[in-house]
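Structures given as structure tokens follow.
Heads up, the next two complexes both have subunit A, just with different partners, subunit B and then subunit C.
After this line comes the complex of A and B, so read on.
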């Protein structure tokens, strides 16, 4: 083998670089997020699987309808009217941002810009 | 039609993953066993290839020089194009690796009536090439948010920058757009340009289709077919893989397994393909050798060890035979002791 003095260190750097996830986590699988669900409410505005996958799209639609087209109409679930609002509808049941929103968002490094305009509840 | 076979191969890979994960228990194969195997093949194969290359001697000093070499003090030396020492070579390699300098020199040849041959600068390949590579790098670094817990600031910073345009929810990534554009250009170039089309082979099209498949499934998962793409379950699996305790906690969408299977294919295919230019760029003798053949003697490493053999030494070795054959010698045999 020629130039092993340069090639072997280069390969070691490459392997260390690729295996960053192994030595960064140091074998600890980390804590899994456990969002605290509201105790009194049983149903959300959409079925659980759907709201989990689509909540950001729904919030965006609400924002566009309410703020950009000025349509502040309500929608009904099981006979009860709800507003298209993050603070008045979502946060009414999911009262804690830290114990609900942030648990998953921090774990998956998602930074929604809701709180650029909305004031987060003081916790 | 050389693109038909690789296209069929990528479609087959997608279908294999799509159908196989419907079978209970196969999630473990596609989510855990294949990723480990692919990663082992990638790292092992990469090191094997590089060491294999390092075993091949470079018989001559063959740097490519595109500028004035070092000579008399009043002739301006082009340090980047004809480097003479290690630091100049490092500078040239750095610009080559980070800015693709040799692609910047790409030209387009056209034959007009006459016949008249013209060459003109063509920077499109450079532009879309560098766009593809940097987009891919950002995409890979961004994915580290799924492998690292807690997520380091570099990764989240890069992600914030990438989604800075705040289009839609989840926010669109700029690199998703640029990587698709670049891949389509690189593929289109192989179709449209007759010369490039002529020399394009199956192994040129396959990685393009494979990466296009990876990008497409990734974009579909993030923006369009979000059902059961449970990001927390996926991160638990990814961190589990990195800590050698993988678990599949939820029923993850089969689209995720298709994405993962295509990535595994890419990793496993990497060391055995032209994609090894990732390591090869460091080892290309035309780039990493200094243009100093007039200052330092370069010795071919495979030269046999030939000792000088003078005539006097030759005669010493064969004197008896030479006298016996009647060949004249410069020095006679010593007189025998008992004469």
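After this line comes the complex of A and C, so read on.
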């Protein structure tokens, strides 16, 4: 190979450069987030696995039903009626946005725009 | 060579004719026989004509159309009432209070008669009308121009006849503001978050870059309550809210007993807000 003295170090530098994110963050992987669950409520509107994966879709469904269809019907959990509402249902149990919503959203670098308009509970 | 060109021109000519005439034929076939198609569209026109005659279609009692009657005389008798209803509305809906007039957000506000009814000019206006202001808000038109202008359907007319907004969809193009002949809409030029004092924690605020307006308290009406401004009037009956399509409702009784006017009815927007002058 001609110019192997230049090409091989060049290739090594190139590989090191494009893998910067991997070795720069090595060992710094954040621990899995542990959102603080409400103490007094035991059941959510959906089973834990489902609500974890689908809560954004559920919120969109609620929004469309309440706002566009005008269907404000309540649903019951353990005999208590609840409204389809982020501020009036979700945040009544999950009273801390910082300790619940933000833990996972920050970890996953998701930036939902809910809180541009919706008001988080006072902490 | 010559013959080939001749054939080519024939085929090209026939295909062009088929292409031009073909769509029309297919349309006819899809819509059934030509005669049925023609009579169908004629029937539609008659229906449309019926609908546009007079004040819209005859009210359908099975569908709600919420409306409001505003008694201007009551606001002249009690000048503090105006401030009360504006404050009630704006605190319930987290309407921001910007320091500069050009950023102002208004859902319901007080104005002079000549501003609310520019098509009714009067050089010899009576003293009470000249001195006092009257409340104006979104007219929740039966034929709302803002809804037609909105490219994302962020503004829509809901099943109760309320013209309302889905702020999630608003892209801030302000076509609706240009379309509304009553100036009922305000644009958030700045982020309203820090200008909402004592936020109501059961209603959201808005974000920068969206249009907002009165929603006839859809969230309260849906829960069986009266709009905040109507509630703020108390027993004075300065504002009467109800279903215009229900012939036995209180609002229809008030409309029957009083001569009322609407803001700029000649535009054909069919406002649902009526004024007792």
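The definition used in the following text is that the second predicted complex is superposed on the first by the 106 of 123 C-alpha atoms of A that agree within 3 Å, B and C clash if a C-alpha of one lies under 4 Å from a C-alpha of the other, contacts with A are read in each partner's own complex, and residues count from 1 in each chain.
As a convention for this text, a contact is a pair of C-beta atoms (placed from the backbone, for glycine too) under 8 Å apart; a residue touches a chain by one contact, two chains touch by 3 or more.
Note that the structure is a prediction, hence the values are computed from the model and not measured.
Novice: Based on the shared subunit A superposition, would you classify subunit B and subunit C as clashing or fitting together?
Specialist: fit
Novice: Look at A:39 in the shared chain and tell me whether it touches subunit B only, subunit C only, both, or neither; answer first, second, both or neither.
Specialist: Neither subunit B nor subunit C is touched by A:39.
Novice: In the overlaid three-chain picture, which partner chain does A:67 touch, first (subunit B) or second (subunit C), both, or neither?
Specialist: Touch partner of A:67: subunit C, not subunit B.
Novice: Looking at A:15 after the superposition, I want to know if it touches subunit B, subunit C, both of them or none. Which is it: first, second, both, neither?
Specialist: Touch status of A:15: first partner only.
Novice: Of subunit B and subunit C, which one contacts the greater number of residues in subunit A?
Specialist: B
Novice: Just to be sure I read the superposition right, which of the two partners does A:80 touch: subunit B = first, subunit C = second, or both, or neither?
Specialist: neither
Novice: For A:104, decide between first (touching subunit B), second (touching subunit C), both and neither.
Specialist: So A:104 only meets subunit B here.
Novice: Can you work out, in whole Å, how close the C-alpha atoms of subunit B and subunit C get once everything is superposed?
Specialist: When the complexes share the chain A frame, the smallest subunit B-subunit C C-alpha distance is 8 Å.
Novice: On subunit A, what residues does subunit B touch that subunit C touches as well?
Specialist: 113
Novice: Flag every residue of subunit B that touches subunit A in the complex, lowest number first.
Specialist: It is residues 42-43, 46-47, 50-51, 54-58, 144-152, 155-156, 159-160, 166, 168-170, 226-232, 235-236, 238-245, 249, 279, 282-283, 301 of subunit B that touch subunit A.
Novice: Can you check the complex and tell me which residues of subunit C touch subunit A?
Specialist: 94, 156, 158-160, 164, 166-168, 193, 199, 201-207, 218, 222-223
Novice: Looking at the complex, which residues from subunit A come into contact with subunit C?
Specialist: 63, 66-70, 72, 87-88, 113, 116-119, 121-122
Novice: Would you mind writing out the residues of subunit A in touch with subunit B in their complex?
Specialist: For this pair, the touching residues of subunit A are 1-4, 7, 10-11, 14-15, 18-22, 24-25, 27-30, 32-33, 49-50, 52-54, 56-57, 59-60, 104, 107-113.
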